[in-house]
Each structure stands twice: as structure tokens, then as C-alpha cells.
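Both complexes shown next keep subunit A, but they swap its partner, so subunit B is in the first and subunit C is in the second.
Then we have the complex of A and B:
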């Protein structure tokens, strides 16, 4: 546990977690459910699947379970019998019944705490089905192994190794696999992935977006090995997958830590990716020109409000959430809006080896802005840190979660719920990234700021 | 009147830290299909026939296919985790803590509809990892209990088990006892690991068991003769105005109560509930241990149920005259309102998919409104409640007073079965509690009224409330019918063609083909 001092506040976290800000490893059920046509099968207790659903997909933007989530996923619902005698037989029976009753293009078995603690051999249950050609794989995602970020990469790897399998054919010159936001955990992943796909296609790529509406599901996953490279757009999530794929299919990867928001960041992002892949410059520049033309048409109109709104706008911000959005949103509001940073709190527990890289990004938020970032997961400390932050003479804007509502009320400011859990936001396909998402974010920030003013 | 089950009735054992599961105490089942009247009859036989310890001859359907359900620990979160100025410590890996956002949302909105200050709940997880599974995690439990004590200075700390900590056999009872000694406040172990019971309602009992053992005042020095314990969830405050007319006050427990409100349970004049599924354990134990009479009557739904329930309250609290005056006044006030609603609801078919006893009550109200109810799905069935008293036989009360329900099913929130049941009945709307079933109904073009405020249908005014709610939800049909025409269900063609949602229970060999 890292110890830090913020404005005289000694931060001394224990293992305890109040105000949870992610699911468990089994929460990666929702990585499986995010693939169109895929159905997760939960080898766990009776309540696990429901908890992950209600947390990640319901009280988080009310995203909904869709085809394979919600109350749909088959579950062993282990009882005393499975704990005492093991759950292999019950799982086998459940898989057979699933194949009879459900209609999935891909089934992903995820183990919970019970199966792993009593030593069920899930591999031996699943492999006969695989040998029969059933599109099914399994991941050992016992909840004590970590959070749903950990689970996401376990599930991704399981699908690649057991379903996509080996490949030594040709690569497609312009095909790219995208690994970015964590589906469902990131409240806005659906809209965001759609925008990322749109802009990459705009400069000439064919995109395997892999999750969400823009993905062709299991068929698209089968084409992963054909991609020329892997594009990781996040501070750290997806790097394990990209490394694995570079070994497995000899695919290089480009790591781009900042999910781009706004024209400046997005154009820079597109140029970097195009350069890496050796795309034709003219196509890329033409797309950027068109997008920027549209972007600045709208920004110009917005500027009347931003330049001369009478009743005051927030000047400082604090931000709490997953490293991906904390970094992306900070970059945008500092560089596009000129907001003054006051507090950056990252709660997705990035693996130790990636933390230095994340800290480096915050030290160069802008040419004249260097910031420190704090890694904590326990909501008790999040609240303490915010309460000990100097936000200046007027209420700040806080980017955070439902957990921050009470704290922000005390400041007299507004919370913009940008991450899990966002229980007072309804999100369908709203995006906060790219050229187009930036405006949704601006609308949200300033509607929140002024609607409470009178 | 309660002779039928005298010999069945077992004493609730508050001497031990863990409470018996529903299936052990009551013979609870989670799968069954038939007519409501049949289930009522065989439940009666099961009660009488056993003549001893919780033998139950109720046949339970069990099939090879199951979808994710709900666990007891979730019910502990939603009760112990929603007590004000107390903290629930979840002794578990982080996945169990994924319940926090949901129960926080419920807590916040529950506080808001009761006019109480809105705040986040304080549930805290011990957040266990892989090495804890190998070496044990009791030290982490001690640390988290100390953390929450220092942080929040609560008046009580609940400690819930999880599947993981039950399997690694952490001794949470000793740890809680040590901390209680050290901190001087109740530290209460709750045994609620999900695999322990086949039905989540055991989690209600586990919470109530802990409260009875360690919070309720053992030797109350005073008696509050006008105080009625109301065992409920987060529902709006409909009991205060109703009881005020009888000169009674309300003590709402468990959700949104303070620790002191829980402590005074043993000082009240009587205990009532809005749903016997929820209240059976606490109410029976309060009577057994402290002599607080449980109101043994039908639940307060519809004219028949509400009349009988109020009269029993009047008898027990010696307010017969006031009760009669109230009944007369309310009948006169509500009847014309109901007639108007009945006109508007003519020809409408409804369906109920909720917890067991609650469904019995709601069907009564729907029939008062003139709505045809030919089917219901309940998440479990208790052939008897803890009092063992036949006046509380909510299913029999429904069948005797409002007629049979021909398509009556027990299914612990199994969406795949719900498909066939809805297809059979084809209702105009459904009433639900718990998430997971309404989304399927929606995809079939059927709107649902989610009864988040569980008090909405209670008493005389409840009939009017429910009627209005149903009219509102019927207007949503446009949305759902449009959706129905544009979605694909995740079920196989074979399953969608089946007429019997329980076919796999009868022919499990079908999964081999």
C-alpha cells in the first residue's frame, strides 16, 4: 500500500473497501456478454451472476443486459452438494442443457469462488464439448483473483486460445484489432467504441472493435489473427492481451494510453496510428480536415456561452475513476477548456508495473501542467482526499461516480458521473470520446453546472 | 385455531449464532407447477402429515437448466446493510461487494421517499485475495471491523459470511465476539453464504436472527403499548397515517431503521408485516422470546384481508371500536373510487411475478379491481410460516376468498421458464419485484409495473394505488409492442416451441439429444 500525504492528510489504506468501484474477476461475464451473440455460463453460487449484473449493467447507467446478460446467463447456482461433492457433474449437465435451450454463437464458462476453492476441474468438463466442435471456452475467474479488469484479460485470452486458436495465414494490410475500454464497467463504452471505430475507419482502417454493436461477434473474433497489428487505447488494460497476441500471431502492437477526446487529441491520435501503420497520408489528412471543420463549427457556437456566460462557471475540477477516463477527461478539460486541476484519483487498481507510466502521463498533462495522481480503491479515502483538496473560492466540478454525490453536495458543486457506479445516469449510446463525444461531455458538464444555479 | 400445526411448529433457536435455513424450518421449495388450490392443499398435508420435524412431502421440480438467481447474502446486504448508524462488514472477496451499488441506490431512494436525510450506505468489504483463501483471512476481518469502527463510530456492526469464507471456514463468530468485547457495541455474525440455502429469503432470517440475538433489548424496562413493529423494506410511509387513526405508532424495521429502533422491538404492543415471506422469522421469534404478539391474520390486501388484519390488531391492542369505525369510513371512501377503476380496467388480464406471500396479496387486490389473474409465478413457496398458525395461511386465504389461480408456478426467477408461462397466459401487464423478469416480458410486448415501493398495494388505499399504477403501465404497451417486433430472444427454436416450461424437470434426458 502506497502511503502519501495530501494537504496534511496521511493516506493509510488497509485492504478494506467501502464504496466498491469495480466488479470481481467473474464480472468479466460482461466482457463475454459484450460480444454480440455470446452467452456467459457462470459456474458459481446463486447470487454471483445477479450481483455482477446489477452492479455493472444496471445501477451503472442502466445499460441493460442485452442478448446474453441480465437474468439470461445460465448459472450452476451451486449449493451445499456442489461444495461438498464438487460441481463438475452439475456443470456438465448445465452446459448440455444450455446447448439445448439457448442460442449462442459463443459460450464462455466462467468459474467463481466456489468451483475454484473446491477444486473443480472445469477444463476437463469443457474440453469434450470443444472437441465436438461446440463454440465454447472457459476462464478461471474465481472472484478472489482480482477485479473485472483482471477477469477481462483472462476471458479475452481464453476466447483467443480456445476459440480463435492458431493461425499462420496471411495478414490483412489495413485490419486492426482494438483493445480499449472495459465493457459495461465504463458506463459509456458502447458509444465510445462506436466513435473509435468510426474515426479509425475514416482514415482507412478495417476495424475489429470486438465488443458492442459495431462488432460482428464470434465471426469477427475469428479474424483477430489476420489483423496487421493490435491497437491498445488505454493506460494499461489490454496490454497483456496485446503482448500475448504479439507472441501468438506475431502481431506488433501500438500502445496509445490516452483515449482521445476533442479535436486536438483525436487528430494527434489518428496521425500517430496512421503513421504506425503506414497509411496513406492524404486520406488521413482529408478525414481529419473534414472532422475538424465540423468540430470547430460547433465549438465556435459554444464559445459564445463559454466566453460570456454571466453567472460563473466552475474553474477547478477533481476527478475520480478508472485510469482510462481519469487520464482522458483530464487531458481534455485541461487542454481544451483550460480548467484547473485539483485532484486526480485512480481507483481501478492498475497493476504495479504500469503505475509509473500512468504517473508520467499526468506529469505532462499539458505543456504547462504537471500533476500528481493518487491510486486508492477504498471510497473512504476517496472522500477524505476530496474533502482535503483545495478547490479555491467556488464550487468545483467533480467527475466521479454515484459515491461522490454526498461529498459534492457539501462543496455546493456538481458531480458529473463518468464511471462505475453511475446510478443516477441513463446511458444508451452516449459517447464522451473522439470528435463527437467531446460535445456530449461539454453539454453534460455545463448543463450540470448551470442548471443548479437558479 | 392454530391446532393444525401445533405439533409441526419448532422453536426458533436463538441460542446458536446461525439460523436454520428456510428449507430446514419450513420445508421451502423453489420449483413447482399446478393450480394454486392444489399447492394450498398439499402444503396443508405436508404440514399435518409430517407430525414431527420439518418433513415435507411437497414435491419439488428440479431440472438440469438454471439461470443465475439471487443469494442470501444479497438479502443481508439489503437489510443489515440498510440499517442507519450501523455498518455491515462483508467478509468476502470483492465480488460480493458488487452488491453495494444496488443496495446503495435502494437505500438512497428509500431514505428519500421516507423524508429522511439521503446518504450513501456504509457497507465495507474485507476484499480478500488468493492468498487469504490459502492462509485464512480472520486477521483481515479484525482489521476491517476496527476500520469501520474508527471511521464511522457505528452503534452496531454486522458481519456477513460469503461462499469463500464459509469454505475456508473462517471463524467469524469468535472474531465478532472478541471485537464486541473490545468495542463495546454489538458485533453480529450473520451466516448467509449463498450456497447454504436454496432460497435467498434465508438471508432475511439470518439478519433478523442476528438482530434478535444481539440488538433487541433482552429485558425491556418499559412497554410501549401503542407501538406496532412493522417489518418491511423501504416502502413509503403508509402505516403511520393508518395507525394514527387507531391511536397507534409505527416502528419500521429492518431497513432504514436506527439501531435504537431495532432495540425497542421487544417493547412494542404487536408485530405486523406487509409480506409473511419477509416477516415470518422476526415476528415469530419476538412472540416466542419476548411475548410480543404477532398479528395472526391474513395479510392486509383487499377488503377481506385488510378487514380481518385490522380487526385482529384491534383485538390485540384493545382498540376494537376505533378499528370498526376506521373500516366503515374507509369502505365508504374507497368503494366509489374502486368502482371507477373497475370500469377502466374491465377486460384486462394481469400476471404477478413476485415473492411468495406478496404475490398472494397482490392477486387479491387485482381481483378486487376486477382484473383477471389466471397466472402467477412466485420465487419460492413456504408451506407454512414460522408461527405455524393457519390464520396466516396467505395462499389459502387467497383461494378461499378470491378463487383459484389455475396457472400457479414456483420458479426462483428462472427467465427461461417465464417465457412459456407468459405465452400461456398472454397477460396485458405483469406486476413484479426483483429484477430480471420484466426485461423478458418487455421483449414479448408486455409492460411490467415494478413495485419498488412495496407498500403501494397495502390496505384500502392500496387497491386504489395499484389500480392507478396499472393504468399507467398499460399505457406503456406501445413501447413494448414496438420492441417485441424487433428483437431476437436468446433461446433456441426448440425451447420457444415448448408448451411446458417444466418439461426438462419431467424429462431431463431431453438434454442428451
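Then we have the complex of A and C:
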């Protein structure tokens, strides 16, 4: 069966994945770890948790595990005994020990493949703790259920249903819950979420950013039901959560597929959100005016370089990564830099029902740019597609991952690592989105381009 | 060079008389002078009870649960006439993975070469009901049992379980797995019961090894915690078990069965149902040759 044809290639299923571009469902332990004060507890075999750490939080920007991730999470380390007799007792023992020695505001038990295949009733182990008032919940995240994107929504839902629980009180008029990038999978999530929070607060919102430094952790999650609405800023991730919340707490949601990068997109984004929430126009416009003033001050200086250095800059780009960044970065470089698109490859395996919507976004990248996007996960196809792409006579810029380095070396382009795994990037709180993040991205792109001849 | 150990697995639907039959085969083989081990592969761990006066023995898995390194000899217990009794054991009902438990227990014995060390003539695996998952197929996979016998009555569900087992055997037959010795037809008292089983083995290209009638002697013996061979050695029933054991001892060549598809099995059962109904209402003629 042919999936699609692109650049003269017929993309057929390979039934294998070379060069992984996401974690397994259990990787969502990093969604838990991304909540300040939360501690994931892994109900899985030895090695599972460490693999997720190394993949998502280490060789991906060297982000580090922090308070609840990395080498910290307690694990059942299920062996033969737990397979044959079930792992419930061991898990109970582990939770008790964890509560004794690790202080957390929220504990999230995540089950791996072993417990799920054996049929461990994790709920029956966790619920007595919940009844005693321990802030703990569990998510069934056996690796066979999908990737860490799938796991993220399972964990989010588990926390909402088991920890945040029911609410039918008042809503706060300006409070908004933000569901956007996948923590740790997106190498730049910490800086990005901080910027998103900053700009939304700038126009008058109170923001539940929920993950990262800007989140108030478990206390903030408790206020999710009070928000006036949910804001999903991504092509598809977070939609399941938003739909669930609309049923659970009667909260409407706004789906904004493009994570905004640069003044043009960001101002448009802020106006749309403000309009949806009915914010005061004056405050919104004043903030946008201030931000754009600063933005264009810097951009004006940058324009000398951009105008004069034309002979040494890339004209075309290819992009490989998670749908969120592939769309966001493409919008920015096409509309604000005038780069010519050559190849768009999405590798986060979005659920079928969202793919048409994503394709539609690419068909209107700009008022005069319509592009096709291809969904593949196997590194074999990513390589083939890039090799078969016509990038013109100048070396292109390739937005991708560490996996693209060898491929790109062959045709002499430059790689800007924008996603998992970004093993040649050290990322602390760099952001590539919003008003401020756009500059970091510009700096990265053109430093890469001009240093090629260094 | 060590002698060849005959390894046999006995399968069948739960409650069909598998353990009763297996224990009596073991007992009969031992009275014939063979060195026998009976290996119960059922989390209920009661396969060998009638070989040990109704007493339960510690199971392989219970021992593994408590200790990391287990000497397999520690979980071998002698029963009637020197028969070695082993129970694989398993998790509590509804917990863990019993199939993996069977695999673990059997592998422990294989790794420690216990069968060879005990200089056995026969190892008989008494395996729980249906082949529900890979774990319960371990005794019929490569390198363990060579011959499989299935205990079945003429009840449709027992035949269904037997047919499933045949499918399992066929699946592994190309990879050195065990082959089918035949069906031990249990609780065969009514003439039509024999006809049903005979027809089933014909359809699936196998054979009946022995017809074992339902007998109160078996019940009486079991209530004393004994096999019929031990409790009533001179009974007619004991002779039947002895005869069955001799056939199994002499059995050399097993075959790949031809299981029926679900649809075929249903049609086959429906025809028999019609026939039995006709028999009851008296509209039956002399034969059921159309089946």
C-alpha cells in the first residue's frame, strides 16, 4: 500500500523505525516530572525509566531531570517474580517507601508494559493512598499504547480525573489553561512555555501554564477547573485534553494550531485569543505595540546583515520534526524571512483524525505558498526524502534533529536542531517562539549558515 | 550415553478428569517398573494430590517467590511407588501471569537437567485446561514434551478445548514441537458418547488411545486421596488405566492433527445435536452415516 508520493518517491510502509524520534508511552513520566514538585513513580521493568531519561532529557538538549525526573523516579524494577505473581505488592511497598523519603506535592504512578500485560490492578493499589489523602494518581501507560504524546494525554487526564477532581464552582474571568508543547520531547519547551505565559499575561490573562518553571505545580493544577477556557496551541496535542475538560468542567476551548514565532504571527495569535476571551482591546493593543516596538528595533539592525549577506545565505529549507514545530517554524521562515520551502516531514505520528487539519495548515503556509507535508517515522524515509529533494543551487538550511546531520553533510547544507533528539545542542531555557524566541531562532539559523565557511 | 526420557504432556478442558487420568497413568507406569515424574502445570497445584494421599506439596513458583536461587531438587517430592511429584504452582487467581509461571517452572527443571539426573523413564506434564496463551504451550514447544495426549469427554466444550489444543500443536509442529499421540476418551458410558469422540478423531485425523468409562471406583479412591491404581488395583477401572499406560509406554509415533475451523466445528456440533435430538425423540434410524 502506498502512503503517498513525494519528490518522485513512493513512500511505502517499512514496518520498522530506524532513528527514533519520540519515546514510548511511558516517556510521559517526563510530563509528570515537568510539573514542579511532582514525582513520577515507574511501575515497569528495569531499564525502561532510564531509557526515557537518556532519550528525552539527556541526549536531547541535555535538559536534565530536575526534581522529579532523571535518576530520581522510584521504579518497581519488575522482574520474573512480579511477572508471575503480579507486581501489586511490590508497587505498594514502593509507594510507601517513596512517601517516606521523597517529598512531592503530587505523585504519578505510570505503568509500563509488564504490569499492563500481566494485568496488575494498579488502581486498587493507588486508591487506598488516595483515600488517605495522599496526592497520588496513576496512568496506564504501557509502551504498546503509543508514543510519549499518547502518554502525555493519558497522564494529563489521570491527574485531572484523580487529583484535580470534580468542580462546579465559579470560573475566573481571565484565567486560561494552556496546552501546548510536549515537555522534554520538545527540546525548547521550558523557554517556550515561559514566553507563551509572558505574552498571554501581557495582554491581561492569568495563565495556568501547568508545566515548567512558570507553573505553580500541583496547586496550579487544582485551579484548572476555574479557568474560563482552555487554549490549545499546537496542531493536535492537547485537543483530547481540551475536549475532556469541555465535558468535565464545561470549559470551551480555543484551538490555535500554529505556535507563534515572530511579531507577525505572535500579534495575530494574541489578537485571536483576546478576541475569543473578550479581553479589553486597549490593553491588548498596548502590549502588542510595546512588544513590536522592541521586536522591530532589533530586527531593524538585523536587516543590514540580512540584506547585505544575501550571497552567503540559504534560500531553501527542509524541515523534519514534530508537527508543532514543523508548522510553527515553517510559518515563520516563509512569512518573515522569505525562505523557499522544499520539504516538510512530520515524525510525531499524529492520530489519523488530525492529519487532514495539519495538511490544510501547510496548504496555506502563506497567502501565496501552498505546501504538501509528509508523515513518516522511519529515519530511512526521512533520509530518502531529503536526498531526493531539490534544494536548488545553494546549500539549504535543514531544520531537524541530530539524525539529519549525516544526511545533510552529503549535500552540504546546514542543520539547525529543532527537535528530538537534539544531541548537539545544550539547552537551558532558550526559546524559539513568541516575540523574543524568534531572535534566538534567527541567531541560531544564521550563525549556522555563516559559520559553515569558518 | 543416558537413556531417552519419554516426555508426555496431557492437556484437556478443566474438570474433564485430566489430573485423575494423569495420576493413574503415572501410578500404572510405576507399577510396570518405570521411573516416573508427574509435573503438574496448573496454578491450582493439585495435580499430584492423589499420588500423595491427598496432600499438597510446596510448588516451584512458591519457592522461587521466596528465594532467588532455587535448587530444583528441593521441589521434587516422592509419592506413591516412588513417583516424583512436582507442582509448578502459580499466582493467586486473577493476579500475575500464570502462563509465564509455567514457563519459568519448566525452564528451571530443564536448565538444571533434573530429568536426566533422576534417571527417569517418563516425565508427564499435566497441563491446565485450554492453551490460553504462550505460557501454557511451553510443554509442547521444542525440546520439552514429544507426545501430547488430550483428555476429552464427548461434551462439546471438551471437544472444543481439544480442537484448540490441536491448533496449538499444529502451529508448533514445524518447529520441532510435540505432536499428538491421541485422545483419551473419558467418561464414555453411553454408546453415542463413543460415536461422537470417534467421529471427532476421524475428522481431525487422530486416534482414540483408550476409552475410560465413568466409574464410582475412581471417586471412592480419590476420596481416600489415592489413585485407582493404588486404592483398587484389582478393579476393572484399574485394568483400564493399566492398559492405557501400557499403550502410552508402547506409543512411538505421534502425528500432526488437523484441527477443524471454528465454523467447521460448529457445523459438526450442530449435526450431532440434531442427531441426538432425533435419538431422544425416537425418530432416529439405524445410523448417522451422513455425519
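Just so we're on the same page, the second predicted complex is superposed on the first by the 449 of 454 C-alpha atoms of A that agree within 3 Å, B and C clash if a C-alpha of one lies under 4 Å from a C-alpha of the other, contacts with A are read in each partner's own complex, and residues count from 1 in each chain.
Heads up, the rule we're going with is that contacts are C-beta pairs under 8 Å (C-beta built on N, C-alpha and C of every residue); 3 or more make two chains touch, one makes a residue touch a chain.
Because the structure is predicted, anything quoted here is derived from the model rather than measured.
Asks: Is this a clash or a fit when subunit B and subunit C both end up on subunit A?
Replies: Once both complexes are aligned on subunit A, subunit B and subunit C fit side by side.
Asks: Using the superposed model, give me the angle at subunit A's CA centre between the CA centres of subunit B and subunit C, as a multiple of 10 °.
Replies: 60
Asks: In the superposed arrangement, does subunit B or subunit C reach more residues of subunit A?
Replies: B
Asks: With both complexes superposed on chain A, which partner does A:60 reach: first (subunit B), second (subunit C), both or neither?
Replies: After superposing on A, A:60 lies in contact with subunit B but is clear of subunit C.
Asks: Once chain A of both complexes is superposed, is A:168 in touch with subunit B (first), subunit C (second), both, or neither?
Replies: Neither partner.
Asks: For A:300, select first, second, both or neither according to whether it touches subunit B, subunit C, the two together, or no partner.
Replies: neither
Asks: Counting only touches as set out at the top, which of subunit B and subunit C does A:85 meet: first, second, both, neither?
Replies: Second partner only.
Asks: Contact-wise, after the overlay, does A:117 reach subunit B, subunit C, both or neither (first, second, both, neither)?
Replies: both
Asks: Can you work out, in whole Å, how close the C-alpha atoms of subunit B and subunit C get once everything is superposed?
Replies: Minimum C-alpha separation, subunit B to subunit C, in the superposed model is 6 Å.
Asks: Share the list of subunit A residues that count as touching for subunit B in one structure and for subunit C in the other.
Replies: Comparing the two interfaces on subunit A, one with subunit B and one with subunit C, the shared residues are 80, 82-83, 117-118.
Asks: How about subunit C: which of its residues touch subunit A in the complex?
Replies: 61, 64-65, 90-92, 94-98, 100-101, 104
Asks: Can you check the complex and tell me which residues of subunit A touch subunit B?
Replies: By the definition above, subunit A touches subunit B via 14-20, 22-27, 39, 42, 45-56, 58-60, 64-65, 67-68, 70-80, 82-83, 93-94, 96-104, 112-114, 117-118, 142-147, 379-380, 402-403, 405-406, 420-421, 423.
Asks: For a test of understanding, state which residues of subunit A touch subunit C in their complex under the given definition.
Replies: Listed in rising order, the residues of subunit A that touch subunit C are 80-86, 88, 117-120.
Asks: Which of the residues in subunit B end up touching subunit A in this complex?
Replies: The contact residues of subunit B facing subunit A are 63-74, 93-102, 104-105, 118-120, 122-130, 132-133, 140, 143-144, 147-148, 151, 162-164, 167-168, 193-196, 198, 200, 412-413, 415-416, 435-437, 439-440, 488-495, 504, 510-513.
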